[in-house]
Amino acid sequence: MLSFASDYAEGAHEEILRRLVETNMEQLPGYGADVYCQRAADKIRAAAESPDAEVFFLAGGTQTNAVVIDAMLKRYEGVVSAATGHINVHEAGAIEAGGHKVLALPQHQGKLDARELEGYLRDFWADGTHSHMVFPGMVYISHPTEYGTLYSAKELGDISEVCRRYGIPLFLDGARLGYGLMSDETDVTLPMIAGLCDVFYIGGTKVGALCGEAVVFAPGRAPANFLTMVKQHGAMLAKGRLLGVQFDALFTDGLYERLGRRAIDAARRLKDGLRERGYAFLLDSPTNQQFVILDNEEMEALEKKVSFSVWEKVDAGRTAVRFATSWATTNGQVDELLGMLRSR
Amino acid sequence: MLSFASDYAEGAHEEILRRLVETNMEQLPGYGADVYCQRAADKIRAAAESPDAEVFFLAGGTQTNAVVIDAMLKRYEGVVSAATGHINVHEAGAIEAGGHKVLALPQHQGKLDARELEGYLRDFWADGTHSHMVFPGMVYISHPTEYGTLYSAKELGDISEVCRRYGIPLFLDGARLGYGLMSDETDVTLPMIAGLCDVFYIGGTKVGALCGEAVVFAPGRAPANFLTMVKQHGAMLAKGRLLGVQFDALFTDGLYERLGRRAIDAARRLKDGLRERGYAFLLDSPTNQQFVILDNEEMEALEKKVSFSVWEKVDAGRTAVRFATSWATTNGQVDELLGMLRSR
Amino acid sequence: MLSFASDYAEGAHEEILRRLVETNMEQLPGYGADVYCQRAADKIRAAAESPDAEVFFLAGGTQTNAVVIDAMLKRYEGVVSAATGHINVHEAGAIEAGGHKVLALPQHQGKLDARELEGYLRDFWADGTHSHMVFPGMVYISHPTEYGTLYSAKELGDISEVCRRYGIPLFLDGARLGYGLMSDETDVTLPMIAGLCDVFYIGGTKVGALCGEAVVFAPGRAPANFLTMVKQHGAMLAKGRLLGVQFDALFTDGLYERLGRRAIDAARRLKDGLRERGYAFLLDSPTNQQFVILDNEEMEALEKKVSFSVWEKVDAGRTAVRFATSWATTNGQVDELLGMLRSR
Amino acid sequence: MLSFASDYAEGAHEEILRRLVETNMEQLPGYGADVYCQRAADKIRAAAESPDAEVFFLAGGTQTNAVVIDAMLKRYEGVVSAATGHINVHEAGAIEAGGHKVLALPQHQGKLDARELEGYLRDFWADGTHSHMVFPGMVYISHPTEYGTLYSAKELGDISEVCRRYGIPLFLDGARLGYGLMSDETDVTLPMIAGLCDVFYIGGTKVGALCGEAVVFAPGRAPANFLTMVKQHGAMLAKGRLLGVQFDALFTDGLYERLGRRAIDAARRLKDGLRERGYAFLLDSPTNQQFVILDNEEMEALEKKVSFSVWEKVDAGRTAVRFATSWATTNGQVDELLGMLRSR
């Protein structure tokens, strides 16, 4: 059955598989000390224009969020997030399991607002009882967000500026970063992210790899003994090469950008087709996740032919659903989906 | 450089890679709900002769230990382990990070002794102050152990019997299980382990897979909502297929056994060659890890030509080193190593 | 300086001190196994009309919340609370430090709404992704709330009914329970609470004791080895007598009720006096905490003569402040405060 | 029944009670911000000859150990302790519940050995796999130890010197410090402890107070926001005065020393009497806990007349028991106990 259910429905891009096969019988040291991890880190530093950044490779997004946040926070600190942030909703309490509160602020199409953040931080420090409260020790944002939306360069800069004024690190979850960077509607670049954030990660799992997220710490911002924290969280692969080879391939000859571009082109084709057919959207997403409003009967009929995510009820008769394109989506698949949707 | 440093120096067996490539573009559901995970689980149930066992796939050993132990213990319980147990020494405190004490008992070539275990449990419950102490809530053993040694069927049965008498689960860490099952000197089988343990895992990472451990719970012993605990620990791969396809391949046409056999044959060849040359061993290991005693100068010279692990100091002039064979070790590699070692 | 800052500004009621002095040189077993803890538990069971309830004594409120919640939740569960709940705001992350998320629902003058609770639970279980989310494992309410408000018998019954339908325990934080029970405007009694909740506590610290909270589990609801959890949280006093003697005194000859009554009478006198003088209230509190709206200059002048809590900004020129009466407040003190406040 | 079961069998010294009664109706700020906490802290700084030390008051020993250790360690660090240390055996896993491993070293009559400690630290840092291990982040000792034994000034200095060489803090658990300082056989003073340790505490619960431990950080060594950690652990009393008034009394006119002296004198009288009667000791304790070897029948007969602790089995027919004297023990009580023990 055709699937627009997620951007992790296929395996890996063929070039990644080819490199895994080619390097397979090389005897390499474990735990990320191999030459492919080093090469991948070098290429990422170059792409981010941050020659002194520190780069680590982990296997998945929830894991990466938990390790980075736990490693950077003090015991009495929590992490500020939009209420819809992945860490606040869909990580089964991984952050709290590490002992830290997620300090949820209102979300605006999945995004934090710099002024609200500033107000929250100002109020916290002005509150005479704050020593009885969880200290805000970090700000977490995702880009793209859980709603596929993007921060503008101005918005990102404003949030970064607030964080620096209050002396707390800014962490950007880039599980779908490739789709954000290649959006037609963004003015945010990888070097800009590297400059504005204290730590961020470049998602591989959802952008063409079998698994893997590349964590990038700004110069001097990596916590001491970070690898021991990775190990403690059970997040260190013995065969670190699995991550190194994949990211080495992703950052060779612009593969990561091409994969991002493919999903964006497919999403654009889908969006245009849906608009032509008169469909309404829950919000205007500039990336690979499109949130479309369907009549309930229409949705139920469609579910028999294609898989997608039921997102949220709009009203008694209508529901918003999510169609996700990916690096692997073909124009043919988009057209097949559009063919199932009659004009309204 | 030739490497006997570990059993995770190469990538994956070619048959596993072949299956990853073949299935790569199939669109599959995430998080382990795909058909390959189901097939692999079925094959493992068959191999273990435990048709009602529950099988889950995780990425690595430390992660698996942490998730299983955390999911099965109550908050006031700890896990009993030999002092040399991996969870007590080399997991960076992953068990304690989950809030649980490792209750270390004496080790005998890496193994727990059933009578000592029984004595410990009896004394605990007889102690008038035990409500102020950490309760023993689980017993952890590894097979093979960190020293490459194996429990006999009798030893394993005795430990299991003690656990059942005291009502606490027995957990067997099988990160290197393939090498234990195929040893010439074992009377322990996979169905026997499935019958005596409440939960165990079948290691993939060190036995031919890129990554992956298959956790097997005896019927009715899986904790409620185990998958949510897996997610909370950051241990759930979005592309669960990566694990499913690999274990499906490992448990097809006896591949797992053949991989285990290859390492054992290589280890035997190495052991025989070392004995012929007059080398002494730290202990008599029946599996793929061989602990050999070298003069310090000999060791230092050898380090320039082959990589291996420095294990422990024996006396002022001698050191025990570990040579690990694997599913990928060739007779030629063994002979190359032996050729570097002069007769004594 | 006159203080209406809190209900824990004085030491203990003289009768409690008298009993501490009288029993001081008796040699008693530690850790709550003494005769006074037993007597106090018996008297509490009688007052709650719950002869099979289990009663434990802890030192303070945050500690009690953390121990009870941690002992009753599974690792993948969180606790539902009004957003203004003490555990969500003013316990420095004690619940999260134990690994559990506080699942915040909207508050209505500090209270949860049974229908919103029911909707939340229904939506959780209907959500196809709930295995990736924190499970609601308990409902926490406070009575009186942080705003001094009270649940009606009907409201409490409705919440209890929802909890039972969904199979999750209801926990009532009664740090100020005495003031709630003796309010003129309540139809909730101690036996009713004991019947509707799975666990609740009777606050001593804020109702006349030096320290101490009495935790009451409904029959069969106390977690196994609860005392070990108390010890693990560092919440077990060696001289448990300190708590036993105090609660024995509080539940002898209706002392607890008399102390509650005194604070309510004082609060009523204050409320009436404020109303006569034309003051507005942030909300209508039926207990010992009164939230009064002052002009900012008035507030600043008053701060020099009496201590109270600045609660929240109402608008640019006005602020809500809290005056708390207690078991120790005299009519003279109330009149002194009223004398400082001119008619408006 | 006569009790030598513990040093916390009675309430508080009468002078402490007198001061609690005298100050009872003063209206004071909560959470340790009252004038009595300040006075007590000043007196402790003076007694410790450490004018810039920071002093905090907590309620009990396990709580204090958990809060101090959790506040001072990084997430990947554990605390080194003698295997018999209270934190390793009798705190129900409170340290592990906070996420930290207790790194147990051999004990010598309850004490750590400086050379063994140095060897352990040296080996840790020399171990090529140490990034996969729990880092030693702190050293915990108790003085007196769980066996009533004392470090000499030389031994304490040596341990402190090792800690400083390796850059890790030294924490001294002084739950029974008063009995250690007043021993006839010690050359360790309070100022010496303040100079050699990074943090220590002065036990009140076991030395004449109803509850309370005074934590003393060397200048500049208190963790940032320590009070928030205290709150998070549920260890902050609303009526902090309860601790402040007691320690103010204990450090006025040498009361703490007199209470220590009384227990030592009583222990000496007991020890002399036992020796005269020909009894053997498990070890030679210079403080208020005496470990005496009894024939089993003798022990069982004695248990009917006096309460004491059964410590450990010596051989088939004999058991070591503990008699604890305290600040409240009279010569008459000692003589009564001795009268029950026939000469051998």
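By written order: A, B, C and D. Residues from 1 in each chain.
Here is the rule we go by: a residue touches a chain if its C-beta (ideal position, glycine included) is under 8 Å from a C-beta of that chain, and two chains touch if they have at least 3 such contacts.
Nothing here was measured: the structure is a model prediction, and the numbers come from that model.
Q: By mean C-alpha position, what chain is farthest away from subunit B?
A: Between subunit B and every other chain, the largest centroid distance is to C.
Q: Sort out for me whether A-D or B-D is joined by the greater number of C-beta contact pairs.
A: B-D
Q: Quick check: how many Å separate the C-alpha centres of subunit A and subunit D?
A: Here the centre of subunit D sits 50 Å away from the centre of subunit A.
Q: As a quick test, compute the distance in whole Å between the mean CA positions of subunit B and subunit D.
A: Computed value for the inter-centroid distance: 42 Å.
Q: Mind pulling the subunit D residues that touch 2 or more other chains?
A: Residue numbers touching two or more other chains: 75-76, 91-93, 97-99, 131-133, 228-229, 231-232.
Q: How about subunit D: which of its residues touch subunit C in the complex?
A: 1-3, 5-6, 8-12, 14, 17, 20-21, 23-30, 59-67, 91-94, 97-98, 205-206, 210-211, 228-229, 231-239, 241-242, 307, 328
Q: In the complex of these two chains, what residues of subunit D are touching subunit A?
A: 70-71, 74-76, 99, 131-133, 135, 224-225, 227-229, 231-232
Q: In the complex of these two chains, what residues of subunit C are touching subunit A?
A: 75-76, 78, 89-93, 96-102, 104, 128-129, 131-134, 310
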